[in-house]
Amino acid sequence: MSAVGEMKTAAYICRGCGIGERLNTKQMAMVAQKEGKMKVVREHDFLCDASGVQMIRDDIANEAVTHVMIAACSRRAKTEAFNFQDVPMARANIREGVIWSQPEGAAAQEVTQDMADDYVRMGCAEVKKMKLPAGAPVASQNRRVLVVGGGMSGLTAALESAEAGFEAVIVEKQGALGGWAAQLWKRAPFRSPYTDPVDTGVAELVAKVTNHPRIEVHLNATLAQTSGAPGAFTVQVATESGATTALEVGAIIQATGFTTYDIAKLPELGGGQHPNVVDQAGLEALVIAAARQGVPVKRPSDGGEVRSVVFLQCAGQRDDSGKHLPYCSGHCCNTSIKQAMYFKDANPAIDTVVLYTDLRTPGMGEDFYRSGQTKGVTFTKGLASGVAAAGNSCTVQFRDFILDEDTSIEADLVVLATGQVPNSGVNIDIPEDQQPAVKPISILNLTYRQGKDLPQLKDGLTDSHFICFPYETRRTGIYAAGPVRRPMDIAQATEDATGAALKAIQAVENAALGRAAHPRSGDLSYPIVPLEGCTQCKRCTVECPFGAIDEDEKRFPLFNESRCRRCGTCMGACPVRVISFENYSPDTVGSQIKAIDMPDEFSEKPRILVLACENDAYPALDMAGMQRNVYSAFVRVIPVRCLGSVNTVWITDALNGGWDGVMMLGCKHGDDYQCHFVKGSELAGYRMSKVDDTLKQMGLETERVASYEVAITDIARAPQLINEYVAKIQEIGMSPMKGFA
Amino acid sequence: MTAPIPTSQTILVVGGGISGLTVALEAAECGKQVILVEKLPTLGGRTALLYRYFPKLCHPVCGLEINLRRLKGNRNVRVLTMAEVVSITGTRGDYTATLRISPRHVTAQCTACGDCAKAVSAEIPNPYNYGLNQMKAAYLPHAMAYPQRYVVDPSIVGTPDGEKARAACKVGAIDLDMKEEIIELKVGAVAWATGWQPYDAAKIQPYGYDRFANVVTSVEFERMCDPHGPTGGKILRPFDGEPATNIAFIQCAGSRDENHLRHCSRICCMASLKQTQYVREAYGEGGKSTIYYIDIRAIDRFEDFYRKVLQDPTVRFVKSKVARIAQDDKTGGLILHGVDTEGYHRYEAPHDLVVLAVGMEPSVKGADIPAEVIADSSGFLEGSSGGGIFGAGCASGALDVNRSVQQATATALRAIQVVNKAAAAEVAR
Amino acid sequence: MAKKEYAFYPGCSSQLKASASNYLVSVNAMCQTLDVKLTPIPDWNCCTASIAYAPSSELSRHVMNARNFALAETHLPGQDIVATCAACWLNARESKEKLDGSAQLLADANEALKEAGLKYQAKAEVRHMVEVLIEDFGYDELGKHVVKPLDGIKFAGYVGCQTNRPFGIDGESFENPKYLDKLVETVGGEAAAGYEQKVTCCGGALAFSEPEKSQKQIKDIVEAAYDHGADMIVTPCPLCQANVEVYQADINKRYGTKLNMPVTYYSQLMTVAYGGTAKQAGLDGHIIQPKKLQDIAVRVVNTKK
Amino acid sequence: MSDPNVSAVEQYRNNFLREVEENVDEGQWVKMCMQCGVCAGSCPLGEHWEHSPQKLFMMIRAGKREAVLSTNSMWMCTSCYNCVVRCPRQLPITQIMHGLAAYAHRLGLAPKMQPTRDFSIQFWENCTRTGRVNELRLTIGLYFRDGLVAGFKKGWSMRNVAFGLLKAKRLNPFELFKGHECKDRKGIQAMLKKANEIDARKKRPTT
């Protein structure tokens, strides 16, 4: 680490990969020195080579260089070589961004050189504004993992955390551990042979948990309040009596499971109409009761012998009428097969029919399906239209899809395979006045400004929106696991809980070092907010996609670093620009915008500012370069953490400074949004709609600011978009604002 | 990047696909030392070869970019590419892994400038497009390849082409004398994330993959639909290169079948549903997709996507396992013979292109690993009896990407538990 | 190569003046060249084919086959049973698998066999002549004996069902078996590539009981042979041969076609290629004359090698 | 001697699946079908089937006893084994079809004058009488199944085939009087008689 105080900047210009042949690197060096005011300026034939890297290291060590600007390849390339942990570094993208995206030959020489010179100017301007992130480790070091819910998922999460050496606390609202799994006679097999129902293993798991030295259990308890941040959560655990105990924890796993769909909502299928029509949970109860007495399962209506059982799959599920659950609960096919086996194993003479539309037994479940057939369970592809129950028997009316007829079967017992309804608490995205009549009870009771519970994705499920990142929640350090996240069976729930335990542990470790969590994992920068100047407009607190910002008693924004994901949405939102990161701020970008050499309006050299999402649009442009997809030399590209971090001041500065247009390339938004910070690109779109008025006031055409959705795969499309936009700007003509800056 | 010294507290991750990457990164971001071993020259695995994911139809390389950024910024992970685990000996907390590292013939000095590829003329079948097209024998696997370093194919070493490549490299990064290396590592736990391979479609004789040009596999079709794939995103009939607009998807091609794979491969239904939307993307109302299926297994939330496709007028569903395919030798057109079992309707349906939704076979074979690892009847790694070797992702079962990552995250914790205990033991000593 | 000996199971259709008598004639000639000794199982009986199922019981059908096995084991110990008829082979092999697979069934069968003074010891292997040619000789060896390559004749290799499914010839696929084509090439003929009807069913017994339903099959089989420019069809199965050959006239009547496609046996091709006469090759046993094959058969060549 | 059909109905009440499992060769496989339909599409005479094998299996599970046993569907089986080798559950479908046909025949429910059924019966009698098939008698037997006139008509329509075969020495008119036969006919008869006794003893369907 260099001595505090004195800043010494250095610029390094690479001549490798054809840069030396294509460009006048001397001139670039001159620019860095004269305009960039770099104290040290060096050129090198092969900068990423050991000798080049050593040269830089020596300067840092011996010349007390504190800030490094590298004009070479893209910031995405050669990261192992250009890896100087102890100084701020800016990288001017001369290879992918200039020589690879510009045509060779004299004709293009001048504008290509302009481009390279500007990127050097921008790099120098940026690095001077950068500080080395110090990181903000949370003071209090709570490393305990809180698990809400003591069912299969919760028990597993707690045990796995404890086995990794961490302390765990379980808060269970029931009087006993085990959850739904404890209500089961047996479970479907989860390893070979996939032939018979197996013991649930709940008792064993409960024993392990209760006897574990590192696990503490609170029964009949709920969370009255949850406040703080990863590494520093404080939860108030309330018992029935109302007494509360405060617990300090580092991370939270919400494993609150599900409630079975109310069969009374399925009267047409006999649900709630007749004792001989039960749901899967109801059947487990009957089987357990019978087993306790050592007798065969009895018919609820009269205790008579059960000779035939019909299982109706997807009861109140996969429903597109809007009346019932739209999704499939995943486990029900295997569960019905398992339950049919209860009967077949006890007495093969009992008829068991599973009525299904699509039998869903993925993976090794296929073996279990076969085993069911071997045991004589009949599988009929059909859909029940109604169940008429009278006396002691039920008549199931159904459409037989194979035999193509409407028909019926008699049964002593009808089992409705209803779905899982997640226990996810309050849907914070619904405004207070639109909340359902029967207000759901909050699970976490978060004191977060943005609401009491985890945001829900869909249908009450607190699942991640990201396929590659199933544990993404919008509340750092709080992870959902098990059926509350997504419908699932026990086998998947235990895997899920184990994964969630890892994420919780990781959150604790991150907080301890002041490191960001996914997707900017490891980032030590965090928002620095001098409150003087803050107008308490609250935009940052409202717009933070992760609910990281609360309000203090004086109604100033209260930042919780370990909840922050470093996207900069708050920075983009702040009208008075008091929010900044050490290495990414209104200034680091603003100064780049101001740094370029702006040609006059007669030069026929328009300048277009491109603000590109660093995760998708920027890599797309890099790869365009790698494939030599040419785009206009009039653009200057600045990568941003997220379009959500784009502050309108950059736009107005650019336009005032004579830029002819501003192009924003961000991720897809809407239902299938791609933005890794959830709302960033959407917010940007919203904010820019406001910019139009500003443009009009400045007497500028609204086309001068445009935003586009660009995917990382738009390797050919992105350059095309740029060229089309540049053409449009040339049509409109040069900005009248030039020369006034 | 300072390379961690392998110890009993190091986690070895075998396989650099999305599951292996996940185990490695999740563990490393918990502060653990990880060695990530990949047999190919690049990380990313099979997901990097997918055009889009179901159900969001987003692009897999987007997640790959994030994971690679996590990797570049993390000093706890050491990556070894073109490296295969030959054997593992020892016990939980104290394993010795023997690795074979094949020569890349390109050193770390490579700047990926591409001059070598320009210089050589020899071409080889492109494995990243399932051999549907050719690529230069000096190549960067794909635009997202990491390490971003070229490979010189052994086939041109010792040929004039090899020399041309060497001469073309301004930074002298090409070393044609590079030899295969065998190295040994001491590690505490192992995550086996070697993924899956598509079932050999030629074995499903009635569908004539080995006889009819216009019968392709789902993984090949995926490449075909990718704008960066062998056909530039055009859906063409291999027989004559004409556009294929009437496309059949045959489910359970190899799966749920005692003659082939006994298990259900889980992903195929969703993959075909997704691919019908590629057809729509390419032809709008002009395209026609027909899915021949036994059961549509759109598990849990995926039901939404199934519903969406059901409402698409360009997509038809036929509940039938196609009996056989016949080819018109003149046109290359295909006739599917079978019976729609919903009410017993025979069909002789003509199609331009048939996509076999091929099943998932675990690629865990090859290496010599301790007996403590238990595999199920299909060869997926079920677990480890008291050991420290764990299956991750598709090596552990037929999983989609989302579940693979979920499972891999769990596996990371299991590995951490092992090395933490090893650490505790060492402290005690 | 040393002489090879097999317990021969000719089957009903191959007997003198039976529907496939010429098959037997050519097989004998072929075996002579290959130095194969076929000793008919003494007093062998019918395999009950695939059609006798309605009035018979499973056991009674297996017993019929077991009798042949027992006879072979007694009189021709240590020799593999070789059938030339596809149905004989399939039914014998199916019985053998059942009997060898179930101690109970075996005991029952032997209890019945006792009445005929026989006992099946589950020793004898059941094989088809094609297996013998491919596995005990191999294409190269078979090719060595060719003195008259069947130049200029294009054969549609019609495999049919029962030498192919459910057991099939080792290493061949059910949908696209190649052994007939390979045999054709071995004797210097041209195999009609991509003959897609090679495993289509000729209708089997139904060609006889339900001609109007099954003749379309035969029509497809023959027409495809024409489409691929074949001069004649070659098959390993006597029922296929009979059905595909004898009904062509009937089909022409029914469908107004002009089918006149000779249908031969692989053994006839080999006999001719090995220098045998038309008579030795049983070429006089056809309703539709395999002209081109007969021409080669009568052509005189110097057989000294 | 009671009507086998009536007693079967009494014995199994409405559980046709169990009846099939206990009385039809390979019947225990019926429950393993997963209704993929590959058998239905693989059958060469498929278009002549009233019900495909997979559908028959479903009908059996649905207890459609009359419909199953009285259909002529399974009599359409040519024993080509296409369905068997393609079935993803490896059901011996050919054998099940034969078994169903045989069972229907035993119960007297098979369609009257079903030609393949008649052929089957004649073939068995023909080949067991002497131990070997007498092709001429078999043919004539089948031709004359619907009476003299029809027989002669049929014979006449096939005269060319007959003459052709005659000329090719593949048909022997004297077979009408004495054809090929096994020496130990007694042994064969005794052995089959015993097989029947064993079947009867084991309450298995007898010949």
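Each chain carries a letter (A, B, C and D) given by its place in the written order, and its residues are counted from 1.
Heads up, the rule we're going with is that a residue touches a chain if its C-beta (ideal position, glycine included) is under 8 Å from a C-beta of that chain, and two chains touch if they have at least 3 such contacts.
Only a predicted model underlies this, so the values are computations on that prediction, with no experimental measurement involved.
Spell out the chains that contact subunit A while also contacting subunit C.
Expected: B, D.
Would you mind naming the chains that touch subunit C and likewise touch subunit D?
B
Looking only at C-beta pairs in contact, point me to the busier pair out of B-D and B-C.
Of B-D and B-C, it is B-D that has more C-beta pairs in contact.
Using the mean of all protein Cα atoms as the middle point, what chain has its own Cα mean nearest that point?
B
With centres defined as the mean of C-alpha atoms, identify the chain lying farthest from subunit D.
Here the answer is chain A, farthest from subunit D.
Taking each chain's centre as its mean C-alpha position, how far apart are subunit B and subunit D in Å?
51
Could you grab the centroid distance between subunit B and subunit C? Build each centroid from C-alpha atoms only and quote it in angstrom.
Spacing between the chain centres: roughly 47 Å.
Which whole number of Å gives the spacing of the CA centres of subunit A and subunit D?
Centres of subunit A and subunit D (C-alpha means) sit 65 Å apart.
Just curious, how far off is subunit B from subunit A if you go by their C-alpha centres, in Å?
Whole-Å distance between the two chain centres: 24.
Would you please write down the residue numbers of subunit B that are in contact with two or more other chains?
In subunit B, the residues touching two or more other chains are 206, 256, 319, 324, 341, 344.
At least two other chains touched by the same residue of subunit D: list those residues.
Subunit D, residues with two or more chain partners: 34-35, 54-55, 82, 85-86, 89.
At least two partner chains per residue is the criterion; list those residues in subunit C.
Correct list: 174.
Each pair of chains that touch: what are they?
According to the stated criterion, the contacting chain pairs are A-B, A-D, B-C, B-D, C-D.
Mind pulling up the subunit B residues that touch subunit D in the complex?
It is residues 206, 252, 256-260, 294, 319-324, 337-341, 344, 346 of subunit B that touch subunit D.
Please give the residue numbers of subunit B that touch subunit C in the complex, ascending.
Going through subunit B, the ones touching subunit C are 205-206, 208, 211, 324, 326-327, 329.
Subunit D touches which residues of subunit C in the complex?
Residues of subunit C touching subunit D: 12-13, 15-22, 43-46, 48-60, 63-64, 67, 108-109, 111-118, 161-162, 165-166, 174, 200-201, 203-206, 208-210, 213-214, 217, 242, 246-247, 249-250, 284-287.
Which residues of subunit A touch subunit B in the complex?
So the residues of subunit A touching subunit B come out as 16-18, 46, 48-49, 73, 77-80, 83, 160, 163-165, 191-193, 318, 320, 326-330, 358-367, 381, 401-402, 404, 458-459, 461, 463, 465-471, 486-488, 492, 495-496, 498-499, 501-503, 505-506, 509-510, 518-519, 521-522, 615-616, 619, 623, 626-627, 668, 672, 674, 676, 711-713, 715-716.
Considering only the defined contacts, which subunit D positions touch subunit B in the complex?
Answer in residue numbers: 34-42, 46-47, 51-52, 54-55, 82, 85-86, 88-90.
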